[in-house]
Structures are given as C-alpha cells and as structure tokens.
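A short worksheet on the structure shown next.
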C-alpha cells in the first residue's frame, strides 16, 4: 500500500514536533515535507537532538509543504491558518489546523476572545471541529478539521455523558484545570523559566482564558442548552499532562452508581477513553506519552455535587495524537493507527 | 531576660522538625528537650544531617519533655495527645497540639471523621482552636491550643472576609486545594515514592478528607450560619506549599472592587496576610519557607462567581509557624517573634 | 507467522513492568504469562493503572510462566535466578536474567561484591553476558543471557572505542555517573521518598557500588588488559536516565578529531548508538523513553584528558530495551523489533 | 548602635535579590538604596512578589546607591564593575564585587577567559579575593573585595586541606560539578526553559568554563605549586545548590582516617564548614537556603584516589551569603551576623 504523504507546517514548535514524532511510527503515512519560518534550511534534528540519526529531514517553507502533501497539519499562532487552509481546500487536500482559527463557529466569539475576524467565511462553514469520541460523524468528507484545544478536550470528555443525560444543573459548572508546562509552548517566558516555575504553583488567566468559548460551545452542543462555565487554569510544574477537576450539581436522588452507568454506556466502544473503577482517582502520570484519557467519578453526597476528574496528555490526546486520530478517521484508516503506544508507568 | 523553656514531642516528624528549626532562631525561647518514640537516645542531627554541628541535642521521651518545659508542642498521630495534654494542663503548662485531637468542638464530628472519642471532656472544653487572624482573642489565658490544619488555614483565611460580610451564597462553595508532598509527612508510601509522585498529579480523598469538618466549623463560625462545602485536595509534586482555589457565588451587583475593599479592611492590621493587587494571582513559590499568606481575588462577571486563591507554606503558616505564632500570642510575646524570615524568590 | 511466547517473572517491579510495556508493541512476540510473588492472582493493571483497558492479564507464578513460555525474562533480586535458569536451560528455553546472577564470570567477584556463590557452575559457563554493540556474536546459540547492568552499559559504550584503540591510559579512569530514581526500583526507601529526593543531589555507594566488578570485567575485555576504575554513582532527581561522565588520560598528541574518528568507525553500523557532533554535550532528556545511547566527546587539551559523556535511558537501553534487543538477536529477529520508539523532546 | 548603610547595585538579578533578602534580616545593617538599570523607578516587590508588604523600596540608579551607602554590593555582568569600584574606592567606601572583574590576579588570565582588560590597574592591586575560611586575613583594611565564584568556593573548600598537606598528586585532579539552575541567573534561555531543563541532565562548557582559572589560582595558592585541573560543570534540575565531586590521587599509604584528621584540624574553628562523619555522603539538600558547606571524604583503596564531595547553596555560600560574611569580617562585625539561618530539611 502506498503511504499517504503528510506535511507539517510549523514543525519546530512543540505541537509540530510531536506530530512529526508520532507520524514517524505511523504505519500508513510518510512525512513528505516539514517547514518552519525561523529555521528553514536547517535539519529538524539540529533543533531537537533526540532525532539525531533517526530523522534528518531539512525544514522547508509552507508552500513546499502544501505542494507535496496530501494532508497538511498547520501548527501556527492563531490568525495565520486561513490562507494556507484556503490553498489546501482549493486543491482538495486535507487541512488540519492545530490552532484556534477554525474552532469557534460564531465569528463574534472569535472576535471577542482572539481579536480577529474571519476573512474567508466559506472556509469556516466547511471546517469541522472534532473530538472524535463526541463528533466522529462530522469527519465524513471533511476537508478542514479544527483540532480541539487541550483544555476543551479534557473538559468535554469529562462532562459529556452527564450533560447528555440531562441530569446536571448546567448553571453550576466549575472547572479547575491544571496543565503541564508544554502547554505554554517553546517560547521563552519568565513564568516558564526553570527556577520560576519549579516548586511553584499558580492559576493564570483566571476566568478569562481563551479556551472558555470553545468549552462552552462544545458543552452547549452536548447539553442542548446554553452552558456558561467558570474555568480556571493553573500552571503545573510537570512537562506533560492536564488534569481537569470539574464540579456540577446533580439531583439529590442521583447516585454515583447510576452516573457511573451513564459513563460506561457512553464510552463503551471507545478505545482511548477509560473510566476508572469506583474509588480510584485519575492521575496524569497514567496517561502521559499516550493518547488515552482517564476519567474518575466522585459524588459528594453531602452537597449533591458530582466531581469528575479527567486527565489526558496535553501534547497527545490534547494536541498531536488527537489530530492524527482525526486524520485517521477522515482518511478511512484505522482510528488508532500510529497511536497505540502504551503509557509508561514512570 | 530569661528564655522560656520549650519542648517538642515527636520532633523527628516533619512538623516537629520544622518547629525545632524555627525555634532555633526564636529570640525569646530555648529548646529544653525534644523527644521521639522511634529514635530516643539518638541525636536529632543523626536523622536530619542539616543540623550537623548546629544542633546536636539528644532525643529523649515525652515525660522528660513535659517535666522540663514550660511550653509543650505535641506532634503526634491523632488519638495520642490527650494524656499528655492532661499532664501539661494539670501542671499549668502551655500545651500546643499539632494534631487533630482538639480541633473539633463536637465530639460526634470527631467520631465520624477520625473514629475515636473524647476521654477527657473537660480538656476539650478548655482547648481553643486558633487561626490568629480570625480567633486571636481566644488565646487569652489559653492552656491548650489546637493548632489548625494546613488546608483549613489556607481556606479560612481566603474565605473569611467575604463570609463575614454575608454576601456569599454559602451553599455554592467549592474548594479545590493542592498541597505539596510534605503534607503527607515522612512516612513512606507509594504515592510519595519519588518516581510515582514526580511528573504526576491527582486528587485524593475526594470529598472525604478529614479536614472537611474542621473547615466547615471555622467557616460556619465566621458566616454565622451552617456552611457545607465540597472540598477536594490534590497532591502536588513540590516539597512545600498549599494553593486553595475557592469558588463561591456572590450577588450580580457585587464588584471585584467592593469585594477587594472588604478584604483590605479585614486584613489591614495583619502582618502575615497579604492581599495581592488586582490582576495578580497568588503563587505558592512566593510564600514558601515563610509564615506569609497570599490572597488573590478574581470575579467571574459572566457567572457571578468569586474566585479566591489563597496560598501558604503548609509547613510554616500551615503548621509550625502558626503554632509558634499562637505560642507568641498566648505568652504575650511579640506575635511575629521568630517568624520574620523573608520568603526566598527561588 | 506465529508469535513467539514470552513470559516475564517479577512483572510488577520496574524492570519487569517496562519489559511488559515494550513487549506489548513488539511485532513478533506475545506475552504468554506474567508472574509476581506479591501480587499473584491480581491483574497487573490493578498495580499499574496505566494499563487499564489495555492489558488486563492476571499475574500467575513462575512455574506457570516457565511452563507456557519459549522465552523467559527474570526480574528478580540477585540470588534468585539460578533455579529458574536451570529449569529453562533443561527445557531448551531461552532465559534472560535481568539481575546480576550471571553477569560476573569469576565466582570470587560475585562472592566479594554480592556475597553469594554459584550453585550450578555449568549454567554460569553456558551463560553469556551481552551488550549487543560490544558482544553481539556471543548470542549465537545462547540459552542463558545475562542482561547487563544500567551503569555498566552506559560506561562500556562510552569507553569501548578509545579502550579498544589502545590509546587510553587505563590507570587513570574516573567515572562519575548520575542515575534517575527508577534505578532504585519500586521499593520504598527514605532516599527516594519524594520530599527527601526532590531538590536534592548526592553520591551514594562511593567507590563501592556492586556494578564496579562488572564494569571492570567488560572494560578489561575490550582493553585486553586489567582495568581498575574509580566509579562514583549519584542519585539524580529525575525519573529516568543515566549520564556517565568519564575521564581518562590520552597521549599529548591525540586530537579530538582523531578520537572522534575512532568512535565514528566503531559505531558506524549501530542503530542505537549516536555520536553527537563536536561541541554538543549528551543530555539524558534526548534519549529517555527510547533504546538510544548518545555519546559526546570532549578533549581537555590543557590536561590531555579525554572526557566522554554517555547517556541512556536506564530502564530501556539500561534494562528492558537492551534485554529485548538481546532476545531479538538470539532469536534471529530484526535487532530493533519492538524498539523503534522515537525519543520525545519533552 | 547605628546601622551601617548598605547599597545593592543590580538588585533585580538573582544574586542581588538574594543579598537584599539576607540583609533584611541582618542585625547591624540597613539597606540604604537599591538599583537596577532595567527597572529603575519600580518597586522591587513588583518584580519579586514575595516582598509584597515586606519590603516596598523603589529601585534607583547606581549613582544614588554609591552616594548613600557605606558599603556597596555590585551584581553586574563582568566588565561593568571597574568604574563603580573606582568611585567607591576614591570615596573610601567598601566595594564588594559579585562578578568576575576582580577575581583573577593575572590580567592575561582575565583576557584569555573573559576577553577584556584591566583599565584601572591600581584597583586590581588593591582588590582582595576572599573565601573567608581560606583567606580571612586578606580582609584587613580591604576596600575592594572580589567575592568568589560559586564553583570555585565549593571546590576550594573541598580540596584545601589535602592540598595544603602536600599529599595530593596535583596533576591528577578531576572535578565533576553539578549546579542548580539559579546559577544561570534570571535571563531567559532555552536550556533553562522549564520543559527543556526538567527531567534532563547534561554537562556544559566541558573543560572550558570561565571559573577554571579562578579555581586554579586558588588551588595553586594553597598547594604552593602550579595546579591545573579538569573541570566539568553540569546543569542540575534543582533551584539551588552545587555538588562538586572531586578526584585526586594520594599515596598508597594514606588512609581515610589520616586524611579525615587533616580536614578536622583544618576546619575545627569554622562555623560554616562541616565535615560529615565517615560513611555519610554530602547532599545539597542539607545546606540549601543556608551559608553552610558540607564535605564528605571517601578513599578508594583500590585505586588510591581520594574522593571529596563538597556541597554549598550556590546562592548563599556560593554568592550572597559569602559576600555578607566577607562584609562582616571587613567591617569587624560578628562573622556570622545575618547568616544564622538553619537549613530546612525539605
């Protein structure tokens, strides 16, 4: 079988590098070209010495990537994906955007939270946002895929079953998330300077993070009613992983067992989402370096609050892995192709 | 001036060691005796090499400590403090319990959450629970002081002003706390084995932690109504520090500015509690190795939820430092004596 | 093609678990049985929740493992491998020992450093010690493989080319190694208690570590003369990885370029050993979670000392990965089968 | 007693901040002024929130600092200290340089390793380099003090007794040092970006670090012969602390006991240097946040190599603490004034 030619634009950022790394073990694709604005002409292994002698490809520019690829992953700051998406769309190539440019269906949300506007409105209509376990069907014939944000993935997977069942009081949702430092990317900043981050812990962008409208759009779609949440992210001094601890009121007669049943049913056919047994608590160390998602459920009987803990590797299920999962589905490949790595215990 | 003779029972545990360490720089006291069940007859510096050549005291037993001290700190597993408290009380010595035995005023709460009972009910009547910034007056003539738990301290200091003002909807309180690994003590366990804890993050004892009734008793006292909370602690892979992120609904017309005013007023005379300026977020690295408490306020105008972030060093303001602060007040010393260390930046 | 049946004895220790994890992605084998003395009858996923829903095998005992496997990996404390090795040997199965019982050719070395003796001397004659890049030929017809220690692997790979060339003054070898905490295994101990290990650094077993005779035997074999070294290991507060910094005098007329040439030649056909370009320094983060070994060379022209820095993942190339590499060669499989994972950048 | 007026130039860098922090607890001085080129006009607490409500001083410029201070600490990049030193010298103020400008007695060494030259040769004659335990007498009447580098301090204290005794073979000295990330300062760089530094370990500037000539000058002075060393520093993913593991050949008849005796004698009157008992190994966690230095001795009887492990907090004994110790001596204050903090155990 011929391997599908895939390209990665922005391959030297953390998401881009992780896509490259995972694609190197994918059985059905080959990496055609990779690009970088800052490092064009250099080998990727010069920037990332872990690739020494393993992958010595030279970085090119985005035009070459588009030209030679059937599938294009774009890892760009928001506001830069549209022109490339258009080119791919016009040439019938599959375009997968790792940024936020196609995630929000309402342009006014994008304007409010990101400060830009939609130049090519037709593209945005064509684009589909997809967390596979929630929106797999959307990928049929999709040509532009908006790959979800890391926080929205961990939150949506955690809350979907109880929201879909209609038993949660959606006015009471509080989301306390914690993300590893790769979430902040490779750009240097004081809060991710080693000595400032290490042995520290703090929230940031409290109730004002740009992932908020994306979270609310996904949750509203599942709940079939408008959902507004309080979302507070924290920076965690680990390399990888997100833990979202979520709180929502449920009726006094709801039991943990019933709710557990909803989750089991919801995810019974999913390979990558695992519901932990009663009494266990989800821990990010158990999913890191993998595409798995762990969910634990806890009912506070004293307050009738359901506590859902959902953890993923922000760089895999929260970024590169989910993008490949989306690609696999869109291309009709096995959904788990290239994503079967077993999480390490340490 | 003669130095006051102080003793520490259970000096080889983390709280006991930290009390000893801080007392070594206290201007008004001297350490008379220290004890340990497991290490009696050894020097404390044999267990903690940081004390080599600085403090070479030999560990004795609790009887000797009580005998030779005017003030006794007890760092014992819960259920072991009563007999020693009685001895001190009968001899007119000041007894400060670092454990949970005297923290709860209702015996049924103690029974439910800790599984024991109060043998000496009179002692429990005499005992006072004291977070100095909230209950300083209780220390007048106190002979038994129940030193607060680390989580309750961070939570009570964070919520007191808004609860006292009566503007919070106390049925909506959600508390998401994160504690460094010293909170689990020196006892070996798999979840604090280096390779299991490092690069991991997880909640534990979800909505079932023993500090819950203590939190509720303190908050109810301030709010002057029964308060029930959802409390979820998480283990953070740092050595020291607690961050409590707290969520509570406030009326739609409450502004961040008004609420900030309440906090400023409440803490205006306090040396150890600092309200951060608008826009800043409390970070545990800024209080570690000190007795300070940092609070940041954030109002989610979209949901009318107040978010309070409160951070302390769990071993200082959350344990040893607060105990010394309580001792200072009870003895009529300067409240900050021995507690003036400036937090390091790294 | 039928998959080869492989068993793992001691599968709940760190080395055993890592073998299981890697074998789950191996294209030519299947795991027949796994055993544990402490957890027989439990599922491995109960001890390691990362396996939830991925691998739900129940742990059995060593007899069943041997019975049902064609290849047996033994992950046992030293002194326990002989009887199982004998059983496997007698039944013509391939036995791979992860411990030290078959590593030393001289029984007196074993006695001196480990304190035991060889009961079945014939087995020890049959056993072969193998770092594939140095001793690949020994595996032909091997039935008992002594898998090397983690420190000796990083040290031997680093020094082999210069020792083989005969230009090093073998009386001057100083080895300063640093290992991540997984090297100490899963057993609880104070020095690997999170709060004691984190933000600390220290040597241990200074010039007295049990890997010393193994290091000297390998190096002597390559140098074709008796080599005695000073070896000082340090505990590094990271999960994985070893860095060995090695010092050896070379003749005044030796240049870094010449020596680099020796290394290039020595490893030119090796997939897993990478010589870094001049100016680069080997970093453990670049090999972790992989079977790769990175070597950097530095000549101190002022003292005519060659400095070799060699890094591996102690759990992969230093344990489980190298054992699988040895198995692959012994079975005539592709040497890199199951070991092609690309190291992550973070 | 009037407090001595002290100023800090470059107070927003890590060394400057640490000096300020320590001086805030010093019984005999007051901070007159602090300066910063980048942050003039801002409060230091705006840059370092740990100082909120504790120290709200506004940063000024270096001219004001010199004007209003009797003692000036300069925390500047190398090459910038001379003009300020001159001003202080001419006005009879005590100048303490935290940088490298006055550390090397030979201008050609400075040229070779730092690339600059000495403009004011008279100042360099007047300047004294001082590790108090080795050169205390030099401080008498000193007006310019070159505060030693962090690596040279840990190395010189570790090797001084055996070099002074004349029993070490100085041609065999190998120094393998490991430093926490504060050593790299507050400037952003990729190797101290959290995700690049965390879970990594690597040497840097192998056999080419600028501290080399300083190390050799100090050791040569003690050994009374020219000493050339191989020095390899490594970046350690901890905030604070240096461990230097040092190797040197001693005569076959030297015993660990004899050598231990030399060290005991050498340091018997020193408050800050502690020789650990036989069998113990120095660990940086036992000195961090303090001015103490721990030394452990280990003799490899098989190779007749002495291994000395010496650890300090790079920011205290390796920088700010030692500078204050030097100031105390020069001013005739108690040597340990402001430096009595007991190292924390965690």
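Going in written order, the chains are labelled A, B, C and D, and every chain counts its residues from 1.
As a working rule, contacts are C-beta pairs under 8 Å (C-beta built on N, C-alpha and C of every residue); 3 or more make two chains touch, one makes a residue touch a chain.
Not measured: the values here are computed from a predicted model.
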{"item": "Chain-contact steps, minimal, separating chain C from chain A", "value": "1"}
{"item": "Candidate from A-C, B-D or B-C with the same interface as A-D, over half of contact pairs in common", "value": "B-C"}
{"item": "Computed distance of Cα centres, chain D from chain B, in Å", "value": "36"}
{"item": "Chain A-chain B separation of Cα centroids, rounded to whole Å", "value": "39"}
{"item": "Geometric centre distance via CA averages, chain C-chain B, whole Å", "value": "46"}
{"item": "Residues of chain D engaged with two or more neighbouring chains", "value": "14, 182, 195, 199, 237-240, 283, 285, 346"}
{"item": "Residue ranges of chain A touching chain C (in the complex, touch as defined)", "value": "14, 17-18, 21, 24-25, 48-55, 182, 199, 239-240, 274, 276, 280, 283, 285-287, 289-290, 292, 294, 315, 340-346"}
{"item": "Residue ranges of chain B in contact with chain A within the complex", "value": "172, 174, 176, 178, 195-196, 199-204, 206-207, 228-230, 232, 234, 236-241, 243, 245, 247, 281-285, 288, 296, 298-300, 302-303, 305, 307, 309, 311, 346"}
{"item": "Residue ranges of chain B in contact with chain C within the complex", "value": "14, 180-182, 186, 188-190, 192-195, 197-199, 237-239"}
